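Next up, some structures in structure tokens.
One chain, chain A, appears in both complexes that follow, with chain B as partner in the first and chain C in the second.
Here is the complex of A and B:
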């Protein structure tokens, strides 16, 4: 096949995809109205066909990237022949056109899996779910067909592409955007189930049960996406540290917060039939925020905050958001009788109320972040003066609310359903409180005197102690009841109740992440030095000797690296390299920070610049406890997978009985 | 007072606490978001107050002294007026690629903007260069 025709083929496939999605929606809608089974079967077929068509489309674009087919403008603008394979593949999401195609493709894949997988609950909702997912995809297919086309032919064909923006040439680029997108797109599934249950006039919580796992999957991908973004921003200068409250970062954090709130409050609906309207609202908000995230990232609203709505693409996203919001609200209001609560709060202190508190804080935090992100726009409309808020605003809110949230992580899981007694509270919290108190005092005398940090460390100790106590109690019961070795006891306890122990694991993870954040933000120290070869710099017990510069080649880039010998407390502990990378398609280098990490702290060395005689300027930073943040994220992923993993058949039966028994006993 | 009222009151109390937190955080960190022209128009009114300034980077005006380190450049507006910016810190790698900059800091008496924070925006944060004027719409 002539390579130039691939553009034509891709364009045709996108048109076909649009009509297939349209057919899926139409067949389902008519089929559902007329109870026509064969039409609905045809809709199912269309959902599968769309996944197939878009997979072909994406494969063509990937083929063009790998084969460096610069007759496609999108390829020519985001790739070049000398790029490594990984970066050629990530060209798919290096720009608008490709990443919107990625959205449509992932959504089609999710829709196909949802449509054809067997759900133990909510199977009857599937026709509605598939309709909604296909309707959402119509929007994205409209965009890639008319507004942001990935297959525009370029003539004359340039001999070489422009390459990938050097700032994007990092292993993070291969994994961070697709994970984030899998997370964003994934939240469309629970949203579709929620809307489907309203459309199907369902009163029960089948949609909640059907979406628990889907929500965890989306949340997991979003979490992984966020962490890879943070790690990337940490090692490559120019993105502003692991977290800078940049609007784009906020955009990914918002659905994470509301999604977290959602899968907590969904448990209350599952167990007690309460908070139905709230759950609906939460998943709608979460879905809207994923679209909002894409909108912020892709519309250019961020790059120039003034141009709100000027951009054509942005306007269409806005229209889509408002339309879906209006449709969702209409559904909720017209069917509000379905959302009547089955129970009332029985006591002010109960598991239900503690979940409510956790939700309020998560959503409140999301609201504060949302408000701050959009404040330059809203203040401009309201007062004519654009007023922006800096990271201080976010930190001032996130620090106390985050601390409170961590405290709730310790308290909530141990408060019984319906109502708590003083005795129960004493039993569960006396020892952890004692442990936390001792640790706080020790830390105080060890020199931790900043009150907020000290409080946070104390609370972290408390939380970890509560979880450890639960764990040992459970294991002891199993060991006493006989016969099992310790590892078997641990495994069978945890795998019998995956939700519970997966949840605890994620709680430990979040606590460790906060430990890293508190440590690195409260006790960071830094110093800048200009040194000649052989001279030393020192910071926080480390002494670094500058050994000079070297020039090498790594892939596409010319790299200048500074070698440093590191010693700590007079003892040599190793070498460190900090480098700048010069890419042929860029006038400016990319700085890659040299990091020497331990469980205690990261020594973080930035090479700022140098002169002819190799005199160089460095910035040294010590970030205490950083490693715990990354460790926490990995544990979080493991815990989420553990919680979402389907229980084996036998275990599932036991778990079912177990949870029924638990419901009775409390 | 029944349970429902108590819970509702609790919810309202927490919501109020969050709003209170937002307002206090706001007062301490909000800053004017101005373009170069707007900043010049306000002049003395904003001297010494926290400002976030947005403008184009004047080509060829960038100097960097590694010993300090001190980065100096001019921010311009579409009308051509400019403000000199002094930033004590590291020169970001994408300085030459960047066309627009956002700086945070204060306007000094002498009219120089002393920046404590520098953010650059490339034509788009993620996009490379583009082939302009070809067929097809963007």
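Here is the complex of A and C:
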């Protein structure tokens, strides 16, 4: 260890971080046992100290990336002098060592924020929560200190780095991984609160209330991470899609599914004191799945475009996962008396039962994806042959389950808590059903004849109609009470029930996402052409004229660009450029597709290859309604922020009452 | 130079960790543990929330008249129980007894009924906030009227506890 350079300083700080985390855990444990406030306060100080130390460590590594300090092996392996600043900063999460340090850092920041902000509920759980978060971080600090060290010195120092993996050289690299990590790490907070409530022998649902916002924050980050990953794949990988059911993609989808189930079922515990054990199980599974994702990425047990592949690391993650799971299960079993239900379901048809059904579908889908993801492993163990399941397996399961879920999104808001009468249900369903039926018939006569797509569009119309009906009825009730103008009534209705209306906004977003998925998957058309300069290609009303190739240099990459003029219905609508990028550190070129997007469809052009005489081969794809998928994800983010945003004091009153706050949002 | 940076970092770390150890009167953390919310308080919140939800669901035509009346009766009864209990002596292990003398049970019942009615009124769409009114010292909810005795949200009396 040489303190004459930044590698030495970084290494020592990581060791300090490890001992600080150890102290945090030890001080809290002893302090809690002996009711020693000073020790617990010292543990609290250690949580802040750990965030400080790891922030310093990350800043050092970033400094090395920005300064192209190739004396650090990790920097030399993932950067080069000609990379732009954004990609140099992204180098932190381009490999195992840095991304694990990022994980530890984010966890330390979360822990510091959780420990030091005032919680309206569950404040008494904080010593336990901080202990658990520090214990989790102790594991990550063990990894970055002993197994995957980000500050290994190189000697002699190479004059140039190896550069960033060409596939990672995309703006998505700056946002997608840190958002995913913020989501993964964020789920540690509700997990810690759940375990803390068991450790503190709490029977009530304070942990549920305390973690509602934390869960939404983690879920939001995970959602943003997933969407940026999908957009990245759509633009760069060039197979015409955005989701390939790759094992590591699945690993991010799994906690998203169970996390979604969790923040729906937590409302039942909050409102009715029911599903306590189920909620515990869900948050444990969600947390375990975030670790499982990391295990999958790092162990190399399944082949993936995302995997780092390191068997030793994978083994340690497996040990950590199993140990955490065993500890959590022990706590649940030993404190099962705390999880006794306070109420029972009063009726078969009620909001509670519809939430439970939503949970079963989400968890069932998660299980099916989990099973498919691990199928190469299990088939290898059972038969000796590793067999991977393809997208057909996942699509065959996700399509019917997804349809049911969307249908539930439409039905749930119309069902009251506790019990529903058939007559009221019929009355409430009449208008949305009529709207859906009319739209379905119109679409049928407009040429939509594929039954699954037609059914999906009809269900989407039904869901949007129910939400619209809820909106107008809510506004009408407020207007009837008098004294408010229409805009005031709308705003006060929404701001006083942020959870409910944020939830509805997310539901609208989900239907738009499904609209994009159904449109692009059911009505995608494609055609491959080989054309010379000046020749034209046509697809779906578009005519593309090939204008020739250009060769240029962008950073490290040699880029071959194909220019195309685009017209639609005989009218020029613009130009498109599709390209291949060749990097010195990669044998395979990277594809960057040309996209001309509109609300109706995406024209998607892939340059497959070319000859010496500039004859080029193109694949043209039309993805209908794609834009709605991206728009839906952004609306989802807005809705989640609206739901998670702290209510004003006046609104807090109504929200606290739970006056349907989210009560009718599902 | 890096040794100096390290030394500074260590000083900060030791300060954050060590400072509370040299202040034996540090009881902020221990106090945290004493602030545990009793499960019965959460149940009380749930009952009041349920009342408002029932009213809302009825207003939005999601509940039949019969179900509405039955559920309203059921939860109003429970809400009244909680409000009466909030004026009763605290059992061992629950919140400490209040300093002020307990009001007469009939008076509590009358006030409780008024509060439940107010909560239901808010759910029916009447503006919940009265300008210039106070906030509940327990849950932060804005009061429905000036001089309200019990919080319509958490059900606790609007006198600060001892």
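FYI, the second predicted complex is superposed on the first by the 623 of 666 C-alpha atoms of A that agree within 3 Å, B and C clash if a C-alpha of one lies under 4 Å from a C-alpha of the other, contacts with A are read in each partner's own complex, and residues count from 1 in each chain.
Note that in this section a contact is a pair of C-beta atoms (placed from the backbone, for glycine too) under 8 Å apart; a residue touches a chain by one contact, two chains touch by 3 or more.
All of these numbers come straight from a predicted model, not from anything done at the bench.
Asks: Quick one: on chain A, after the overlay, do chain B and chain C clash, or do they fit? Just give me the call.
Replies: fit
Asks: Touch check for A:428: first (chain B), second (chain C), both, or neither?
Replies: Only chain C is touched by A:428; chain B is not.
Asks: Kindly classify A:356 by the partners it touches after superposition: chain B alone (first), chain C alone (second), both, or neither?
Replies: In the superposed model, A:356 contacts chain B only, not chain C.
Asks: Looking at the overlay, does A:192 come into contact with chain B only (first), chain C only (second), both, or neither?
Replies: neither
Asks: Between chain B (first) and chain C (second), which, if any, makes contact with A:94: first, second, both or neither?
Replies: So A:94 only meets chain B here.
Asks: Who does A:35 touch here: chain B (first), chain C (second), both, or neither?
Replies: The second partner, chain C, only.
Asks: With the C-alpha centre of chain A at the apex, what angle separates the C-alpha centres of chain B and chain C, reported to the nearest 10°?
Replies: An angle of 150 degrees, rounded.
Asks: Once the structures are superposed on A, label A:210 by its partner contacts, choosing first (chain B), second (chain C), both or neither.
Replies: In the superposed model, A:210 contacts neither chain B nor chain C.
Asks: For the overlay built on chain A, what is the smallest gap between any CA atom of chain B and any CA atom of chain C, in Å?
Replies: Here the least C-alpha separation of chain B and chain C stands at 17 Å.
Asks: Please output the residues of chain C touching chain A within their complex, sorted ascending.
Replies: 2-3, 5-6, 9-10, 12-13, 16-21, 23-24, 26-39, 41-43, 45-46, 48-50, 52-54, 56-57, 59-64, 66-67, 71, 119, 122-129, 135-136, 139-142, 152-154
Asks: Taking the complex as given, what residues does chain A use to touch chain B?
Replies: Interface residues on the chain A side: 73, 76-78, 94-96, 146-149, 152-154, 158, 162-165, 167-168, 237-238, 240, 248, 297, 300, 302-305, 344-348, 353, 356-357, 360-361, 364-365, 367-368, 371, 375-376, 379-380, 385-394, 396-397, 400-401, 528, 530, 580, 585-591, 606, 608-611, 615, 617, 619.
Asks: For the complex, give me every residue of chain B touching chain A.
Replies: The touching residues are 3-4, 6-7, 10-11, 14-15, 18, 21-22, 24-26, 28-34, 50, 52, 54, 64, 66-67, 69, 90-97, 100, 104, 117, 119, 121-131, 134-138.
Asks: Going by the contact rule at the top, pick out the chain A residues touching chain C in the complex.
Replies: The contact residues of chain A facing chain C are 3-6, 8-9, 12-13, 16, 20, 23, 27, 31-32, 35-46, 48-49, 52-53, 56, 120-124, 126-127, 200, 202-206, 270-273, 342, 414-421, 423-424, 427-428, 470, 473-474, 477-478, 480-481, 483-484, 496, 649-650, 652-654, 656-660, 663-664.
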